[in-house]
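Take a look at the structures below.
Both of the next two complexes hold subunit A, though its partner changes from subunit B to subunit C.
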Partner chain A sequence: MAQDSGEPVSQAELAGSPVLLAETPAAPARRQRARIPLAPGEVRWLALPFLAPALVLLGAILLYPLIYSIVRSLFADGPAGGFGSFAGLRNYGSIFTDSSTLRAVENNLLWLVVVPTIVTILGLIFAVLTERIRWATAFKTVLFMPMAISALASGITFALIYADQPSRGLANTITVGIHDAFGSSSAYPTVFSNDAAAYSGSASAGYTTKSTFAPGSPALLPLTGLNLQSPPPDARQAAMPSAARGVYGVVWNDFRLGGGGTAGKIDPRELGLPGIQVQAIRGSQVVATTTADAHGGFVFPGLTSGRYQLRLPAANFAAAFGGVSWLGPNLITPAIMIAYLWIYAGFAMVLLAAGMSAISRDALEAARMDGATEWQVFRRITVPLLAPVLTVVFVTLIINVLKVFDIVFIIGQSAGANQKYSDVLAVSLYNAFGNQQYGLASAIGVILVLAVIPMMVVNIRRSRKEQR
Partner chain B sequence: MALARTTMAAIAVGAATMGLAAACSSGKSSTPPAQSGSAAAAAFKGQSFTILGQWTGLEQSAFQSVINKFDKSTGAKGQYTPAAGGSEPTVLGAKVAGGTPPDIAILSLPGAIAQYGTAGKLHALSATSQAAVAQNFATEWATLGTVKGTEYGVPVDASDKSTVWYNATAFMNAGITSTPTTWPGLIADAKTLAASGVHTPISVGGGDGWTLTDWFENVYIRTAGLANYDKLTHHQIKWTDPTVATALTALKQIWGDKALIGSPSAALTVPFTGSVDNVFKASPTSAIVYEASFVATTIPADKDPAKVGTVAKYFPFPSINGSAPVVEAAGDFAVAFTSNPAAQAFMTFLASPQAAQLLVSYPGSGFISANKNLAATAYPDPTTAGLGQQIVSVGDNFRFDMSDQAPAAFGGTPNKGEWADLQTFLGNGNVQAAQAALEKDAESVTWTS
Partner chain C sequence: MTAIAGADIVTGAISRSRPARIAARTGGGALRIFLVVVGLIWLVPTFGLLVESLRNPAQYANGGWWNAVAHPAQLTFSNYSALLKNHAITSSFLNTIEITVPATLAVVLIGAAAAYAFAWMDFPGRDWLFLIVVGLLVIPIQIALIPVVRLYSVLGISGSLYSLWIFHVAFGLPFAIFLLRNYFAGIPRDLIEAARMDGGSDLLIFRRIVMPLGLPAIASLGIFQFLWVWNDLLVALVFSNASTQPLTVALASQTRQFGNSIDILASGAFLSLIIPLGVFLAFQRFFVQGVLAGSVK
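The block that comes next holds the complex of A and B.
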């Protein structure tokens, strides 16, 4: 080996330089890699021992598993994960018949259609815009930073952002904040009545008394469900307002801390529901509206004759706006895609910005001199000249999206029962492997490889063309 | 990855230290832990064996203390590895399929024991291990580790899955003085709790499918009886059976009532830990959560947790239509994949009261043992002691978790099979559709026994 050591170095140097040059987009020298002339005394077969380690590794960790997977995908699952009977293409068929894997296929297609396009467009926009601003490098660094964070960490971060409780999830803190700025939440979201004899209606429709009340006969309107651990600070012992003109009564929480009261009666330590809205109804018309005082008492001084039903409108009980269910069945896939955009937009931007810096300024200047608008310059000059780089970015993203796993898996895990709505093929593969459905898992793997192959062909062809 | 590598390094260092400790102590003769007496000190000097399990944290430390004790007295080197990513079936399945199984695996699924036993991958228990299991455990536990007449499993720990946990403060605030003993009583108390201002009286952790299978199994064993429970466990009756409809309908009295469990779609996003948190956090939104004895170990992870035994208490799962008291249990079994003699001796040791004592007394491990020769004083607190007492005192009058005995693809996989079907049922309350889906999924897997 020692006597050979001089030669590989020289060979590497010889082979190395043109390859490096060819990979630089603006490289003037374009030579064909395959026809490197041999140095004097060099033998072509000598390359073999030097390639051998790589070939062995590739064979062991790439070729063998690939062939094994293809074979395994044609067999059913035997006991304890072993080979079962020959299944032909049945494992492949079940990918498209089983509802969970079919959903994964659909999600993968959605990813494929939406994500590479949006990421490329975003990257292009950022690349074009950063050319013009002062702090371009800082801006680019910030945008590229997510690429430096592991997808797992990003996934956990976004899972927290999307958490349901507004107290925990940033996305819902913002949505609830905006929502509440335009309409405040109700005072008694937990209060309700189970008394079907006294009221018709429900918390979401409002409660209407079944009986009618005349002036002078006090109305008792019991409700329950007030959080007694933290009652409204202005709530006082429930009490009937002193006899007044008109229809009057009390609306109170008919439950006291520790229980023990009589239902339908005002017991000691039972609180009024201050601020609750009460409507008086005649026929189906609301004739008067008032709110209860700190003791739950209310009076309609204007209603001095006739009989009225009383209504506690639904607005009193409207549940607090809980925000959007980001990780619910409908939004979970778009939500994960946004996290992915956050990571990869910077990646696309950096590649495209590099491509743009290689574009000849002359062409752009010439177009501007000729009176082209910025949009025309972008559309007719920049994009066509950038096309090769755009293709690289787009194809890379397609391959990345086909095999997307980590971020979907991590964010999905915090979605509870809704995780299944986020599944993509790589996640299905992982799950099938976990269930020891090695046949199905292999079939999914083979399908993924088949899906990636056309993209790889495009990539290889393009790079060959570039080197020629 | 860095974390994983650090852990690996820590394990490697730990193993080396253990080896040193074993070498130092090999001269002294300590009491032989194995009951057979054949495992004398230094009997397995220098021999090593591997154990795969899913315990991490304090549970892992407790189990490590058992290994250390064994190593110290026999000179063997036991190395425990928790399955990466917490998915033991995946790791074990790949190892077995690849021909490099661990010497011992700790399995929580009798279904997996049946699967590997039927496939001929397991090594039968030695006569001494069998004797130790027979001496220390109720017959039913030995039966659970037996596949087609051959005994493979040593019970390690157990959990009582018929406990309903409640917040005693919330009960007191609502004026509920005695815990419910019947199904209608539970519903009535939950309604009282709602009136007292507990927004969602019963917390259902529907984000994890297994909590729902446990709910179903407790209701089913009470409405359909033990015989039907055994049949459904092995899919000898179909999920479209009327007994299943009865159980689901009873379940729907709680699951289908928004006043009791809140919105089902919200419940479906709450994981098990979250459901416990809702009841025992500083300002609780719920008062009752049904799950197994291990809730006691989940509570201290809460922020400002309720104190177990004073605020966090439990009552037995209530009787339905006058059903007799019955306990649903679960637990972990050690099974051997090789004939490694040190591993065999360790299995025998695991069945002993000494090993059980080390497990349950480890602070914070929360382990409970079904070992009937374990002294109640071994437990660190009265609550776990009570739970342990209960598991031992039921003897053979318990049934093992049904879904744990089913093939994993049906009863043990997130978002698949029974887990997913019961989640769907929690969401829509459609009994017939749930039965049809359950039967369809049950038919699509292979039932080993």
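The block that comes next holds the complex of A and C.
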């Protein structure tokens, strides 16, 4: 494992793996342990001073609250959060009827379905890929590091990444960059026309010419508003297309810096609007579509007869893509899940890597000698032998995800009014607690306990096996 | 370990044909690049937080932290000097230390004593009691909030450091006992029996044999508990008051107006993570062992 040093391996495993690797060499030593016979007359309550502090604390802070909460969950809220009248299971019912707690239940289910699986798979991928890399230690340290950091700090870190304005948050800067790189952003968000005589429509609906154009009569489509401080790099002096057949014309920015020029006429130093989309319309049907060249010229060579209206569709003028609202109602839960994944992928990786180092190298090498591909080795040998560790990782993540609080609370709070869309059960419990809805809070708590009972049983069974 | 891996690569290379070797090498190259990219992606969030904490908050409105990477002249320590003058933050930082250190020491001491009893002493119901402790490992702390708040108000310690210590220690104990008992039980039996033959008391055996030999496990536990308490938010949100609140709570209240308090949040978050990070890097081995053993928690 990454942390190899002078320490004997068996000792490290002794400390590290009572749960995970019951089959390690250290385990038999534990199993053989038997009771030490007491000397005659020795008193059995000698253990009490050693045990008492722990038992008192466990009884007062864990066991008693467990029983108290179960009872409390069956009662309505009295004054100041005290016991009210007996309510049966009504507190439990209201978890599934109240819209805010119901959303928390749904979110929790989403967490359960998505997160443990993805984190386990990622951890497995990283563990396998780093197995033969010499600087695996460095890689593992980097990925494991978030485990040491508080969820508060991670939450602030990711709230920073998800900041709404594209210029501030990394996630949106990348999203906008990718979006723009694929060219679907509009080229001319500032360009428009005020010429009500020439066009009907608007920038948001697209502009349609009022007059119609026949083949051979050039169409002049003036617009204004182009950012002349930084015009499109490929924009050139506006001009009619050279090889003009069919319906043709020019779309240009009918304005030049420094003044002069005539409205509605192509003057020197006025730029074409390259790439702008032009549609030819007959009746109300779009019959042809083209885009303008660097000089703003466009041609419909196929339209050789008839008269057509021309339209500059709204897509040309759509406002710039402003990024995604990561912490908005729809994406806030997935966004928080990504932060969680950042924290726990290293955890899964380290556990699985430890499990893999316990797999006999002979089995792997023998399979490779027999001509098995790396994929076959992975699928047929590594994964089955790793199954117990995979289970532990997966179940641990399920328990953690059930109780997830800090990271959801912090990122949610930074999202302001959208916080409610991120709620999970543990956050609902905290809110109910703050509102002195102790019956409801206790019921949520009991549900969380019920949900971890299967894991409790597994732990106890495994521990009993070891005691024998 | 490195030596074994190295030998593997060598023998593997010899036994493979030339095309396979080339394929393996280029594949390895792509793999290395992939892993480097993943590693960088994992570092970016924390690095961004660090850079943001070193920027004038006015620049937050103008653009993201990466602008400061291009213009390092923008970086300043003013957020940190402001943070150190902010009484609410400095006192909460001291509270974090005051909460964490005793809660860690106490859990080690109380847990080790109980673990010794479970491992090497005989008393009625020992195995059953231990199974209960194991069962308590996965109990979520949420279940205890309301009853313990009431208990504390009866005891008159609401909001005090005691209330935080007690809660953290109690919820640290199942893991502490579980981890240490399993480790202590692996100590060679002869050592303990010989000491008993010589008339050594349990206290002596505990102090002179079990604790020193159990040091690796105790270190794991200590680091794990330290980080757990240091990083805690929920327990402190519920049980601390204005004068005992730790850094996490002080900062959490600032996240309501995220954009307005980015200077405090970024530098404060970095302050809160730098000590756990140092502990993690210095004692990584013990921390990993603690996590491996504590994966049930």
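As a working rule, the second predicted complex is superposed on the first by the 277 of 468 C-alpha atoms of A that agree within 3 Å, B and C clash if a C-alpha of one lies under 4 Å from a C-alpha of the other, contacts with A are read in each partner's own complex, and residues count from 1 in each chain.
Operating definition for what follows: contacts are C-beta pairs under 8 Å (C-beta built on N, C-alpha and C of every residue); 3 or more make two chains touch, one makes a residue touch a chain.
On a predicted model such as this, the values are computed, not experimentally measured, just so you know.
Student: After superposition on the shared chain, which partner residues are touched by A:371: those of subunit B (first), subunit C (second), both, or neither?
Tutor: In the superposed model, A:371 contacts neither subunit B nor subunit C.
Student: By residue count, which of the two partners contacts subunit A more extensively, subunit B or subunit C?
Tutor: C
Student: So in the superposed three-chain picture, is A:350 touching just subunit B, just subunit C, both, or none of them (first/second/both/neither)?
Tutor: second
Student: According to the stated criteria, A:161 is in contact with first (subunit B), second (subunit C), both, or neither; which is it?
Tutor: So A:161 only meets subunit C here.
Student: Check the residue A:438 against both partner chains and state whether it touches subunit B (first), subunit C (second), both, or neither.
Tutor: A:438 contacts both subunit B and subunit C.
Student: Under the stated touch criterion, which partner chain does A:146 make contact with: subunit B (first), subunit C (second), both, or neither?
Tutor: Only subunit C is touched by A:146; subunit B is not.
Student: Touching A:233 in the superposition: subunit B (first), subunit C (second), both, neither?
Tutor: Touch partners of A:233: none, neither subunit B nor subunit C.
Student: Taking the two structures together, which residues of subunit A meet both subunit B and subunit C?
Tutor: Subunit A residues touching both partners: 81, 416, 433, 438.
Student: Which part of subunit A faces subunit C closely enough to touch in the complex?
Tutor: 1-5, 7, 11-12, 14-20, 26, 29-30, 33, 35-36, 38, 44-51, 53-55, 57-58, 60-66, 68-69, 72, 81, 126, 129-130, 132-134, 138-139, 141-161, 163, 167-170, 173, 342, 346-347, 350-351, 354, 361, 392-393, 396, 399, 402-403, 405-406, 409-410, 413-414, 416, 426, 429-430, 433, 438, 441-442, 444-446, 448-449, 452, 455-456, 459-460, 463-464, 466-467
Student: In their shared complex, at which residues does subunit B touch subunit A?
Tutor: 87, 89-90, 93-94, 96-97, 115-116, 118-119, 121, 172-176, 191-192, 194-197, 199, 206-209, 259, 265-266, 268-271, 283, 408-409, 413-416, 420, 423, 426-427, 448
Student: Can you list the residues on subunit C that touch subunit A in the complex?
Tutor: 1-2, 4-6, 8-9, 31-32, 34-35, 38-39, 42-46, 48-49, 52, 60-66, 110-111, 113-114, 116-117, 119-124, 126-127, 129-131, 133-140, 142-148, 151, 166-167, 169-171, 173-174, 177-179, 182-183, 185-186, 189, 192-193, 196, 202, 206, 216-217, 220, 227, 230-234, 237-238, 248, 251-252, 255-256, 258-259, 262, 265-266, 269-270, 272-273, 276-277, 279-281, 284-285, 287-289, 291-293, 295-297
Student: Which residues of subunit A touch subunit B in their complex?
Tutor: For subunit A paired with subunit B, touching residues are 78-82, 100, 164, 190, 192, 194, 224-230, 254-255, 257-260, 325, 327-328, 415-420, 423, 431, 433-438.
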